[in-house]
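Dropping the structures in below, format is structure tokens.
Next, two complexes with chain A in common: one pairs it with chain B, the other with chain C.
After this line comes the complex of A and B, so read on.
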């Protein structure tokens, strides 16, 4: 077990190094640079800026400098938020994205498992058709549409009751989190519903279910102990990457609901070619994704005794 | 089967289906959007004189010596003050300086003794000298350093040729500041109101080091407000500065920026929900604001948008007759009404926007902009001439470089259609993201580029010198000795009439040579809380300016 974890961690480090290198190369091959701005600056100022940020050195030197600092856990200072360290940006804003993401995942996974199980049970009947229709909607409609609609819904609810029942944007209390996390979780919920449905349909016809029934077990017990537990495995598989995707992919939701999360920095840094923030957030998220995948693999062992970790 | 009996009981499923249909009904209700005024009103409070607003982005740089963007300038000009400031009507009035004297060679400012920093120490002439030296220091690499260039030796210092101590700005004593000018600068006072000219206290700045202006207590304030809270990317709070020398005239007690989001729809929703006092509208949200029956206001930002041609050697757009051909098919009125299609924009007729001051009144009234009559035949004649001069049978496809915003793309497509149908010119639209567009503009990799210019200070020269051969923002590299000469007259001559005459001539050159194709003067439409009065919209400096605002009952 320990050997397995160590092996996976080592592979993870190589993956993260690869992500960092690929991002670094891609970032430097894009035309333009972080120092370029709407207003042109003189060659002298330009040179001073380059020296200040170390951009006057050859690219390979910059790369090794970056790797060295990364190993020390220092991603440098942002180009656009000029007084802030990238580490501070991640530390201040990731918890916000993570809170939102965890809530969204909770909603998505409970919802997904529940709807999925239901559709499997009511296969090809009205509830199944309706839910599957909504699932297609949930997968194909982009999150900014849901975000805009969700916010409009809140505005109108507040208007109907005559006071601010639920805040339409901002961050702070659990009330602020409700709509954004629901919107953020919708896509994943739809995905999980579909996955859950198909895996549930497989399980229902397995021999051990028939055995269980023959033993005279109660339907509830069969459902929870035998069907759900077996059907849930594929769901857990995608949950890892989905958690990472949700905690990083919240850009639109964060923008619409004015949430101070990391997603905004992640996207804006690319638009602004903010080298240090791009590297910082990408490496951080890359490491996070790798970590989540490892965690999920370990969790397998607990959910499914057949899986041996070696 | 036992299973089917339990699970196929349709009544079990009903409670779950119900919320879904309810949700669907809600969504339908949402799209029909209820009309009416704000139901909730937390955006203003009369008793405490508090207002709430949303910023479009986190202020990226609150170090006044380095700030360049709108949001940072907005915040800074509420919490800090320079030698002079703008009043409600846009006139220069005393700030930290009580009075001043401006001659062609020298500027002298006498500072008031009741101007204090937020820690209680007085604001002195040394604080200005320090800030200016620091902004000019090549190591600081301030992008707005050029705005200090009228001070003697400033440019040489900024280029590393002289030490910062050579700056000809001296504190004769704590309250007298004397400045030698490089050359006569009739608009120096207007420059002195800009953020780069704000004071910074040396001991505080040095104690903070790299962390200066990173947080509320990493900055000293001397303006009408002080910043008390700042949660990055989330909110920012400014309260009335009890040490401000003119606090009697400041009515607002608190300005709370509770939200930071660039999404205009989100801000409109916050406005409808009564959470913020102000929001700007765009083409889409404008329609929604109309159905809500809000009073929509408009304001001209002072920026001019135009198509810039590439005047570099070897480019076909270097040919004046080709540019004239385009000039004679383009109708700015149609562009504003049909392409932009939101209220507030003015047709572009000149590089100089309508609000600029002339000799006595507005420049554009004293020197009306020449305007080309739309005439396809004349345009075709120009095009024919251009083809002959270029020795080509046909003009090759022109590359029109634009940014990736929906509006820019729409405008480019209009130009493409117009030039194809009227002149048979082929246009290749090159859509690029922000930085890539800049890179291509700098490298000269375009024939035409959608560009714009906003004023840095309240004088005609902020536009006039744009196409001087030495100006780095002249991305098309237009170069004309006569134009350069006129710019020098405008920059250094102290007689208003001579200056404006020169600018009038310059306007004529821009037209005759069709150096650029003016498209529109930008207008913005916005909503402002009806109970909030005295908010000033400015073309230069903080906009909107809440300094003198008040909440009415």
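After this line comes the complex of A and C, so read on.
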């Protein structure tokens, strides 16, 4: 197991380095630079600024400087926000995004497993048909639509009870987090439900389920001890990519619900070609994703001994 | 009422499919006594697995349906019971092992835990007691280093070892009957022999009965006390192992024997596989199921289902019109004419 984790971690480091390099190359091959946005600056000021940010150096030097600083955990200073450190931006806003994302993943995965198992039990009967209809909606409707609908729902609930029971936007309490994380997790939940359902239906036909019945185990015991765990495996494998999907989806949801997460800064930075912020946040997000995928892999190893022990 | 340990009468099972009803088992009778081995033998698809699975309540319903018959274990009906009642005898009085040991154990549970589970559920053992007992069971099926092996997962076992573990698991509650559905078909020849040897040995020490399903007459010769030859959902001949081999009364039994590789007396006598294939069970023939392939077929065979004729004053019976007193007498039945 330790070897398995170490292998994943090593692969993770390489992935992050790759993300950093790719971002760097992309940044420097986009026409224009961060200083271009501002009102026309005189050649002299521009030169000073370039020196300040190191833009006057050869590209490869900039690259190694960037990598070196990154290793030290220093992502530099923002180009567009006066003297604000990228590290500070991340520190102030990332926890919000992470909370939102992790909540969304938790809701999506527990919901997906639960609904998927339920539809499999009620296969082709009313609960299955209703849930599978909702699943199709959940997969095909984009999250900003759900975001708007979610807000509308909250507004109506609040109107009904006569006071602000659940806040419609903003961040702070668990009540703020509920609707946005649900909205953000909805698409993934739908996908996982569908996957869990088919996986459950496949597992029922496995020989070892027949063995379990021949052993005289109760249907409940067979369901929990033999079916569920094996059926969850394929669901866990798609969790990694789904975390990435939820991360990017988070940008939109943060915008709609006015959540002070990192997403907003990232989008802004891209619009303004704010090199350091883009690279800093991208690499950071990348590292976070890689970390989450490793967590998922380890989780998978815990469920599937074949992975853990080989 | 009945003095047999297990008695099955007139069992009928069919499956609803898009193509219509598959009549997989059509009126099967047999019994098993204490301590004996009954072999059910026949080509693939003739209904052997469906027969025993319906006893164990393992037929998926739908599409499956038990259309007729009864099965009594110690005089008590066991056919078509709801899971709760079936679980009083499944895994307790009747254990079962399957053809493919590689897929028959839960890949995410240790072998020891899977055996323990049976003991905890049926015997009320604590986990610790059950696990200790599981190790003993693994030792009894001659798995080396049983205490280490018990903590391993199925993927760490070879096919032969897995089948031993399956046997250990099925023995957990000292069943009166072990049903083994082609237990060696998926294994290498040498491993096959070892597993059969183990089963024979355990049968003696545990004093249990075995229902052994196979398509291999060599296995039958080696293991069985009595034999039921099955064809197209029916038992066409049954008797002691000697009667079946030396006084075969049904052309299908003879066909199986002549198709046996070990039966080849000399190099110039070729193997004689039975030509053709079993009939379509969507609309099984009205007469003898073997009619289309039988070298002795007569006019009467086509439209009239042969009843079970007694061959001797023992329990040797065959469903074949050749045994009728008016049938043309021939000294021995062959696949002649080819």
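Following the convention adopted for this analysis, the second predicted complex is superposed on the first by the 297 of 310 C-alpha atoms of A that agree within 3 Å, B and C clash if a C-alpha of one lies under 4 Å from a C-alpha of the other, contacts with A are read in each partner's own complex, and residues count from 1 in each chain.
Everything that follows uses one rule, which is that a contact is a pair of C-beta atoms (placed from the backbone, for glycine too) under 8 Å apart; a residue touches a chain by one contact, two chains touch by 3 or more.
Computed from a predicted model, the values in this text were never measured in an experiment.
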item: Which superposed partner A:305 touches (first chain B, second chain C, both, neither); value: second
item: Which superposed partner A:226 touches (first chain B, second chain C, both, neither); value: second
item: Partner chain(s) touched by A:129 [first = chain B, second = chain C, both, neither]; value: neither
item: Touching partner for A:213 - first (chain B), second (chain C), both, neither; value: both
item: Touched partner set for A:137, first chain B, second chain C, both or neither; value: neither
item: Of chain B and chain C, the chain that contacts the larger number of chain A residues; value: B
item: Touching partner for A:6 - first (chain B), second (chain C), both, neither; value: neither
item: Contact residues common to both interfaces of chain A (with chain B and with chain C); value: 213, 219
item: Residue ranges of chain B in contact with chain A within the complex; value: 1-3, 6-8, 10, 13, 16-17, 20, 26-27, 29-31, 33-34, 36, 39-40, 42, 54, 58, 60-63, 66, 68, 138-143, 145-146, 158-160, 210-214, 218, 231-235, 258-263, 265-266, 269-270, 272-275, 433-436, 438-440, 442, 472-473, 475
item: Residue ranges of chain A in contact with chain B within the complex; value: 30-34, 36-42, 44-45, 48-49, 52, 77, 80-84, 89, 92-93, 118, 121-122, 125-127, 130-131, 134, 148-149, 151-156, 158-160, 162-164, 167-171, 204, 213, 219, 222, 255-261, 264-265, 271-273
item: Chain C-touching residues of chain A, taken from the complex the two chains share; value: 206-208, 210-219, 221, 225-226, 229-230, 233, 303-306, 309
item: Touching residues on chain C, where the partner in the complex is chain A; value: 56-58, 83-84, 86-92, 95-96, 98, 100, 103-110, 117-118, 121-122, 153, 155-156, 166, 169-170
